[in-house]
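The following blocks contain the structures, represented as structure tokens.
Here come two complexes built around chain A, the first alongside chain B, the second alongside chain C.
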Partner chain A sequence: MEVWRKFARTAGSYFKRHRLLIVFSVFSLVILLFILIPLFKMVFLSNKEAIWQAVRDTTVLESIWLTLYAALITAAIGFVLGVPLAYILARHNFPLKGVVEGLIDLPIVVPHTAAGIALLFVFGRNYLLGKWFNAIGINFVDSLAGIIIAMLFVSVPFLINSAKDGFRKVDVRLENVARTLGASPWQVFRRVTFPLARRSIFTGTLMMWARGISEFGAVIILTYFPMVTSILIYQRFESYGLTQAVPVAAILVVVCALIFIGFRYILQREKKRD
Partner chain B sequence: MIELKNVQVKVADFSLQQINFSVAKGTYTVILGPTGAGKTVLLESIAGLHAVHEGEVLLDGKDVTNTVPEARGVSIVYQDYTLFPHLSVKENIIFGLNVRHISKSKIAEELEWICGIFDVEPLLNRQPATLSGGERQRAALARALITKPEILLLDEPLSALDAESREEMHKQLQDTHRKLNITTLHVTHDFEEAMSLADNIAVLNQGKIVQVGKPADIFYRPASDFVARFTMARNIFAGKINGQVRNEKIFQTDSLEICAVSEKKTAQYAVIRAEMVNLTAEQPVSQANVFRGTVKSITDKGANILITLDCPPQFECQVPRQQFEKMMLSTGQQVYLSFLPKAVHLI
Partner chain C sequence: MRRIRQGIIALLLTGAIILSGCSGTSTKKSTLVVLEADSLMVPFAQIQTAFEQANPDINVELQPYGSIQAIRQVTELGQQADLVAVADETLVPMMMYQTKMANGQPYAGWDIESNTNELVLAYTATSKYADEINSSNWYQIISRPDVVFGLTDPRIDAVGYRTLMTLGLAATYYDDPTLVQDAVGSHFSMPITADTVNGTTTVSVPELLEPIDSHLVLRNADMELLALLQSGNVDYTIDYKSVVMQDGLNYIELPAEINLGDINEAQTYQKVTVNMDYQRFATVNPVFGGTPIIYGMTIPNNAQNPSDAIKFIQFVLGTKGQEIFNNCSQPEMVPPICDNVSALPNALKTLFH
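== the complex of A and B ==
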């Protein structure tokens, strides 16, 4: 009896002291389970035989490979073109800067099918840029190039925003000091600004790659074939039903989880080293 | 040598106006001014980090108004030393040599030379985040001076330090200046720091230089009531000159007549520094500037005691601790305060 009373007292005071933490933990658990249960069930509780079959299916493997490297090329293009824009937005003021910053977020906001149609209007064979690129042999419909521009359009805002925040956090006075020490603006960027913002830029690039891998709406408008994995999953679901779609989805989830958990681990380790 | 001719700089909603002043080669000049006066903007303009809208900046007689910062031979050290956090102390110090693509052997030679001056050898392999305030400052100075600039700009270099390190760094700055004899421009809001380091002081307020002079000029002969207030003169009375007795002017305030030695024909303010006011229990024999007052408050400043007296008006008077203890003053007590006519400065 005494022991019980003591326990009740301790528990009561624990609850009082950590009320906020306990309530927040309960809410956190709900959202975590919401994310994890469907993914977990798909990967671990679906038909093992069907998954093994899908792993040996070259259509599936080629599609996953295509998705990963198309998204990687997209991230590389986004890096080259997005980092300079992020730097300008972080360091300089110009008229209508707020509007430009708002426009950058637009691809995140609009439905991605609408984004795909907008791209088709510009890069389609009969339209402005489509014609020019066609002349040099690049075609954006039903091609790798089409996948890439669709992914680029919807994912580059993640890189720009993340890199912009990274550049903003670099003290301008560090750049000033570097200039007075004899460094040219290029040297300052390469030796001071970029290294100090690199974690945000890297995270942004990774986010962009991830967003590219998961893209469906914009890609399907421009390029049904060759098939990225999101489209393959949809196609199998439509044609053969859930049993055929689940294994492909499960493999993609596992591949992505391995890659991103790996990168997160590397980032954490680097953070600790600093 | 630094010369600024009619320099005008606009940064966001702040501007420096009509800055005219020069710093002689090898001197230590302090720009003194309150927060927001534009001190940092002025330094950064000399370094070439802000566009000069009008006027000229000359370094050693050469017009550098449109020269990029990296070609000016001017090094800047900021308040918190802004060491590059991703580089070791050694990489920080040799940064200016690395960007110039200087040979490894030459870099080693220069590094040894700078280590000899700033005693940074034991810090070379450390990361900036692990350094103390004083160590950071030494590393930052070493980094700024290894490239042998013509001019050293210091932005509030002592403000981020605790009292003990401040004193140490104060000595370090004096030593550095003596050893390298580099033209130094130091900005601060602390007038005591300015007094103790400067060959010359320029007072900056709201983007304008309001007085330039030797430390004693600024301290004892402020050009405006702003400078008097900023250097903590403490007793500043508005009024006007209302007569003359021999070579002494009579300055009339609302409630007092103050005798002052001055060449001025007109004046708006009489300034008497708190430490120039004498306190006595008995009425002193001197004729001029003796007033009776009641002790209103006593503030212990450590070595000195600040006493506020109600005459009226209010006078503030600073006495050394020993004298204060001898007089055994307490609030409400009646005392005599007096000051010499030559201790009164008319503006």
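== the complex of A and C ==
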């Protein structure tokens, strides 16, 4: 009896001391399971034989490879064009800045089929940019270029927003000190601002890459072939049914899990080093 | 501070209660879930309005899909629908009579065929050679290498394999034996072939369909091809007349012998077959014989609300419903036909005597 009372008291005081942590852990567990159970079920409960067959299927492998590198090129383009914009938004004020910041989020909000159609009416054969690019031999229908602009449109806000927050967190005084010590604005950006904001920028680029990999609605309007994995999964499902679609999805989930866990790990190690 | 916080919580709670109350009192309506073929969207939307006016206690939920997908929602994904309406009546026996639910019953046991449609060649004023195309040279123009032809994936959508049927029939009709290959077939890494033996054409679709040149654009659904057509990235595509008219596009009518829209030409249409070459993992019997375009409807055996579905079918087959369909260029079949009448719910049997 005494022991039990003592145990209850200790447990009670433990709970009191760590109430926040315990409550938050329970909530966290719910959302974690919500994310993980469907993914685990897809990977582990689908037919092993079918997964092996899909792993050896060159169409599947080529499609996953295409998706990964198209999204990577997209992230690189987003990096080159998005980081400067993020810097300006973080460091300078100009009229209608709030409007610009709101507009940048639009591609996340707009339904992606609509985004694809919107791109078609700019990069299509008969429209201004489409004509220019056509003249230099780039065509956006059924081509890698089409995949890239569709991915770019829907994913670049993630990078811009993340980089902007990163630049905002860099103390302006550090930049000023560097300037008074004789560094040029380029040098300040390269040696001070960018390195200090690099984690946010890297996370943003990673998010952008991930978002590109998952894109379906905008890509399918512009480019059915070459076939990105989201479309391949859909096409397999439509023409052969669930049994052929699930293994492809499972492989993509595993590949992406490895890549993204790897990058998180690198980010974590970097953080420790700082 | 605390008082403000309590105030906010109270406000949120009252809001939540009021909101849940609202939806709580209006749930007397029953819901009718209809999975429809994409090409039924326009007539069914009008029928929905009229039907809900006549039956204020029923809330119709229309969910458009490609026809094969609409059926798969029920047979593979376990969605409980009250009515399935597809653009090819042969799909219902093929995919729903033969697949069984957990209790051993098939997903459906009958099929009502009530409306037709026809294929036309759609284009816009900016399509290449739009100024010279007409009903006698269209098949030559879509075969020109500098024209972009849009094809719906025949493995996914009924319009796709029907386009191949029309082209197969046209090859005989215009005495142009390489028409299928020139217009679509030879522009894939593994070609779509067409062989005519004794006046019967067999079109074979390989398992892998990957366009190899810019003459051909393949998409999973006609909706996407129409967007490409309207933005000038595709010059011509073959699609249902109703859809093309609803989009306000230019079109060329095709002869009754090849447009799959005339029930009296059913004999002629039998002279083409589309073979899908994917035995490896077929869940659909991949041979499609040429038939007139006829829409099919059925109530799945696991429907939650079959009584409202019966009312909806009665409405579709009634005067108002058929007036809407006729106005949408999806003309009625007189009389409508039912496959396997003995399995039909009694309330509908009276319509088929």
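Basically, the second predicted complex is superposed on the first by the 274 of 274 C-alpha atoms of A that agree within 3 Å, B and C clash if a C-alpha of one lies under 4 Å from a C-alpha of the other, contacts with A are read in each partner's own complex, and residues count from 1 in each chain.
Criterion: a residue touches a chain if its C-beta (ideal position, glycine included) is under 8 Å from a C-beta of that chain, and two chains touch if they have at least 3 such contacts.
Since we're looking at a predicted model, the values are computed, not measured.
**Q** Please determine whether it is chain B or chain C that touches the greater number of chain A residues.
**A** Counting residues of chain A touched by each partner, the higher count goes to C.
**Q** Quick one: is A:I221 in contact with chain B, with chain C, with both, or with neither? Answer first, second, both or neither.
**A** In the superposition, A:I221 touches chain C alone.
**Q** Should A:Q187 be classified as contacting the first partner (chain B), the second (chain C), both, or neither?
**A** A:Q187 contacts chain B only, not chain C.
**Q** Looking at the overlay, what does A:R179 touch: chain B (first), chain C (second), both, or neither?
**A** Only chain B; A:R179 stays clear of chain C.
**Q** Considering only touches as defined above, state whether A:D171 meets chain B (first), chain C (second), both or neither.
**A** first
**Q** Look at A:A75 in the shared chain and tell me whether it touches chain B only, chain C only, both, or neither; answer first, second, both or neither.
**A** Touch status of A:A75: no partner.
**Q** Could you look at A:P195 and tell me whether it touches chain B, chain C, both or neither (first, second, both, neither)?
**A** first
**Q** Do chain B and chain C touch any of the same residues on chain A, and if so, which?
**A** none
**Q** Using the touch rule from the top, collect the residues of chain C that touch chain A in their complex.
**A** Listed in rising order, the residues are 66, 68-69, 72, 76-77, 126, 153, 155-156, 208, 210-211, 214, 217-220, 224, 227-228, 231-233, 278, 281-283.
**Q** Along chain B, where are the residues that touch chain A in the complex?
**A** It comes out as residues 44, 47-49, 68-70, 72, 74-78, 82, 84-86, 95-96, 98-100, 143-144, 147, 149, 153.
**Q** Within the complex, which stretch of chain A touches chain C?
**A** 59, 116-117, 120-121, 124-127, 139, 141-142, 220-221, 224-225, 227, 231, 234-235, 237-244
**Q** How about chain A: which of its residues touch chain B in the complex?
**A** 171, 173-174, 176-184, 187, 191-192, 195-196, 274
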